[in-house]
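Step one of this worksheet: look at the structure below.
Letters A, B and C name the chains as they come in the text, with residue numbers starting at 1 for each one.
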Amino acid sequence: MNRFGIRSLVLWSWLSGLILVAGVGWVIGFVVLHGFPAIDLRLLFGSAPPWRALLGKVPVFNGLYPAVLGTVVLVVVAVGLAAPIGMAAGIYLAEFSRGRTKQALSLFFDVLAGIPSIVIGLFGFSLSIFLHRNVSPRLGPCLLISALALAILVLPYLIRATQTALEALPAEMRLAAVSLGADRIQNLWWVLLPNSLNGIVSGVILAIGRCAEDTAVILLTGVVATAGIPRSLFDSYEALPFYIYYVSTQYADAAELERGFGAALILLGVCLVLFAGALLIRHLVGDRALIHG
Amino acid sequence: MNVRERFTRGLLRAATLICASATAGILLFMLVLAVPLIASTGFRQLLFGNWAPLAGHYGILPMIAASALLTATAWGLSFPISLGCAALICELAPRRSAIWLHRMIQMMTGIPTVVYGFVGVFLLVPVIRETFAAGSGRCLLTATLVLALMITPTMVLFFVDALEAVPTGYRLAAAAAGADPIERLLWVIIPGARSGIVAGSLLAFGRALGDTLIALMLAGNAAQWPEGLLQSARTLTAHIALVIAADFESPEFRSIFLCGIVLYAITSATAMVAWRLRQRSSGGPR
Amino acid sequence: MAETTMAAVIKIRVEHLSFHYGAHRILDEVSALFPEGLLSAITGPSGQGKSTFLTCLNRLWEEFPDARAQGDIWVRLDGRDRLVSAPDFAVTELRRRVAMVFQTPNPLPMSILKNLAFPLRLVGINKREMVRETAQRALIDAFLWDEVKDRLHHDARTLSGGQQQRLCIARALTLRPDVLLLDEPTSSLDQAARRVIEALLMRLKDRCTIVVVSHYLDQIQRLADTVYELSSGKLLRR
């Protein structure tokens, strides 16, 4: 290839960098521009007095508080379900499986990671139909089902984070405790896990972010536009990402549109902060032990 | 192996099996629920027929076509940009800028999809509407542009990993033979990262195919065969989201499970091929 | 080189030990006797399996996939000869009685004190007083106490190479093992550190049986009572 060809390719690379940064910058800028003016207590609580609304004594009609709370509860339950199971599976993959089994399992989890979120939502929905028909007619799409489906969604993140963190540990660290007579579990508990903590925590934070932003799953499993603050795990609920979607399809007035932008800004901010936190923690070296140990 | 180890190992294995069964369980549920529809209408007609529920046609072909068109175009738009950015990060930009760009792109993958869709609705749709004076502005073109933007950061990260995984030995050999950084990149590094690039492309393709919100909010959702990018169309994913509100027992409703199966099949196939490619390039079982 | 008399008690008896790594045979029907209270050295060309042989004595080879060992290894514990290579002999018990020090020091990523407390915690000894005393004794035995007594809570990785190796030896000594295995213990250290460790090993002979892998012939001449040479999968007494 001649110099001209090479030079135009280089130009293209720089151009593509520019396009990407400009495109994403535009998106973020647009949200910040229109969302920032909306940020105040009224955004969250509408016309209800903040303290009483916070404690649930007064319903909030024109505010994001129920949606925010709904998202928080959803995330806590989903990650609470997924984290122990995902970490356990990650530990199993890294430490107790090898050869064919390990390959098969890693394939399974790669497939799981690739399943579109709407399909997982569909599964959650089917599950709720199943429960509705065969267990109790009071059961249906609800917070718990959504949390369950979200847990499945983020399971691969947790498994992979745990597995990668453990497998990255140096061989000398593994053999040290074992040569002193520690069995596999002691080695795992006292040496391996404490030293993989930042990778694992980073995975948990990513899972939190993923649950907070997901819309497709909750769309099919119980989220609604107005439900107030979540009273029970078996009820419908509101959530921030759904509110954003809902406003884009129909908004009653300029105030609601502004709330939509405010919501978008909040969600964007939360997700970016979580993401940055996860990246930071992953790159933290274990210098914490340097002084106390 | 003492009691404690046996117990813990059993516990961990149980958790792993639960996770693995989720993968299979999802497929199972959808198959079970789609069967009555397939039984009554016939597989071929569903897969290749048109969608006209009032006339009794529940074919999902228009949705398949819309998904295919949207995904392929978005991917086609994103691929050269992603490769360009990856080249920038790995070789062409000065070290410090490259690291910052890499970090920025990592952060970009944290942006919620629904925010992309929201901005698309209020920023891009009016522009498209004005520029092309056709329809409401919600069409495949709008969705394509936003979807391409969304999947690019992920693809860039995959490509960067693939390029950086090329052994330094190759770079040194090329340098010693007199190639400058760009020539090294073109003739040695990118070819050397070939399987990683393909794997990353496949995974991004799967991501794009599985996207719901951008298609739902921006592509128009008309259940018709898409004749051009300026037409409104409905993807498989959007179809599921829209029809979920329909009556339980109706055949319209059951069509969404068929959509789910098609999506599951395609994304699983791409995941498997990508998995195979990554296994092979890392030299056998990990 | 001191003479070993026929009357010395045999601490470790290796019989017909073969070792395979995948399809490669590393050790071929190897036999050896290691007398109690003496220092035996294993030498030979590099890459021949000296470290592998050592890992057979404490069954550390079981941690590596694709590795297979056959043959009998007897160790005299509490006055009786025990077949430690048998699967029903608890390997964790074995590793507490037959301790190992590696070529590159591998302190655990914890404080110095916690490194020494670790083996004790594994056997359930947690009382602070007890741990402190045992740790102090081990550090004194390892010629390290004076250098670290004021910074027991500092991370072990802040020590120099020679100090880290002595820490690993101290850590191995906390449970008062019968046998101490050392795999090229001084090859990553400088001259001065090497001499300290050699003096330390001479002192430890009266406390446990020592088996050292080394390719420094002068070191072996200074230290060893018995010498074995490992080459082509065969072990020969020198």
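One rule holds in what follows: a residue touches a chain if its C-beta (ideal position, glycine included) is under 8 Å from a C-beta of that chain, and two chains touch if they have at least 3 such contacts.
What you are looking at is a predicted structure, and each value in this text was computed from that prediction instead of being measured.
Asks: Which word fits how the chains touch one another: line, ring, star, complete or other?
Replies: Topology of touching chains reads as a line.
Asks: Tell me which of A-C and A-B has more C-beta pairs in contact.
Replies: It is A-B, judged by the count of C-beta pairs in contact.
Asks: Please list the single chain whose C-alpha centre lies closest to the global protein C-alpha centre.
Replies: A
Asks: Taking each chain's centre as the mean of its CA atoms, how far is subunit B from subunit C in angstrom?
Replies: 54
Asks: So, what's the distance in Å between the C-alpha centres of subunit C and subunit A?
Replies: 48
Asks: Nearest whole angstrom, what separates the Cα centre of subunit A from the Cα centre of subunit B?
Replies: Subunit A and subunit B have C-alpha centres separated by 18 Å.
Asks: Please set out, as single numbers or ranges, the residues of subunit C touching at least two other chains.
Replies: In subunit C, the residues touching two or more other chains are 92.
Asks: Give the residues of subunit B that touch two or more other chains, as numbers and ranges in rising order.
Replies: Expected reply: 2.
Asks: Can you list every residue of subunit A that touches 2 or more other chains, as numbers and ranges?
Replies: As it turns out, subunit A has residues touching two or more other chains at 98-99, 183.
Asks: Over in the complex, which subunit A residues touch subunit C? Could you list them?
Replies: 98-99, 172-183, 186, 190-191, 195, 286, 289-293
Asks: So in the complex, the part of subunit B that touches subunit A is made up of which residues?
Replies: Within the complex, subunit B contacts subunit A at residues 1-2, 4-5, 8-9, 11-13, 15-16, 18-20, 22-23, 25-26, 29-30, 33, 80-85, 87-88, 92-93, 101, 103-119, 121-123, 149, 152-153, 156, 182-183, 186, 203, 206, 209-213, 216-217, 237, 240-241, 244, 248, 256-257, 260, 263-264, 267-268, 270-272, 274-275, 279, 285-286.
Asks: Under the touch definition given earlier, write down the residues of subunit C that touch subunit A in their complex.
Replies: 58, 60, 63, 65, 92-96, 99-100, 102, 104, 106-114, 118-119, 121-123, 153-158, 171-172, 175
Asks: Looking at the complex, which residues from subunit A come into contact with subunit B?
Replies: Listed in rising order, the residues are 1, 6, 9-10, 12-17, 19-21, 23-24, 26-28, 30-31, 34, 84-86, 88-89, 91-93, 96-100, 102-103, 105-123, 125-127, 129-130, 152, 155, 159, 167, 183-185, 209, 212-213, 215-216, 219-220, 241, 244-245, 247-249, 260, 264, 267-268, 271-272, 274-276, 279.
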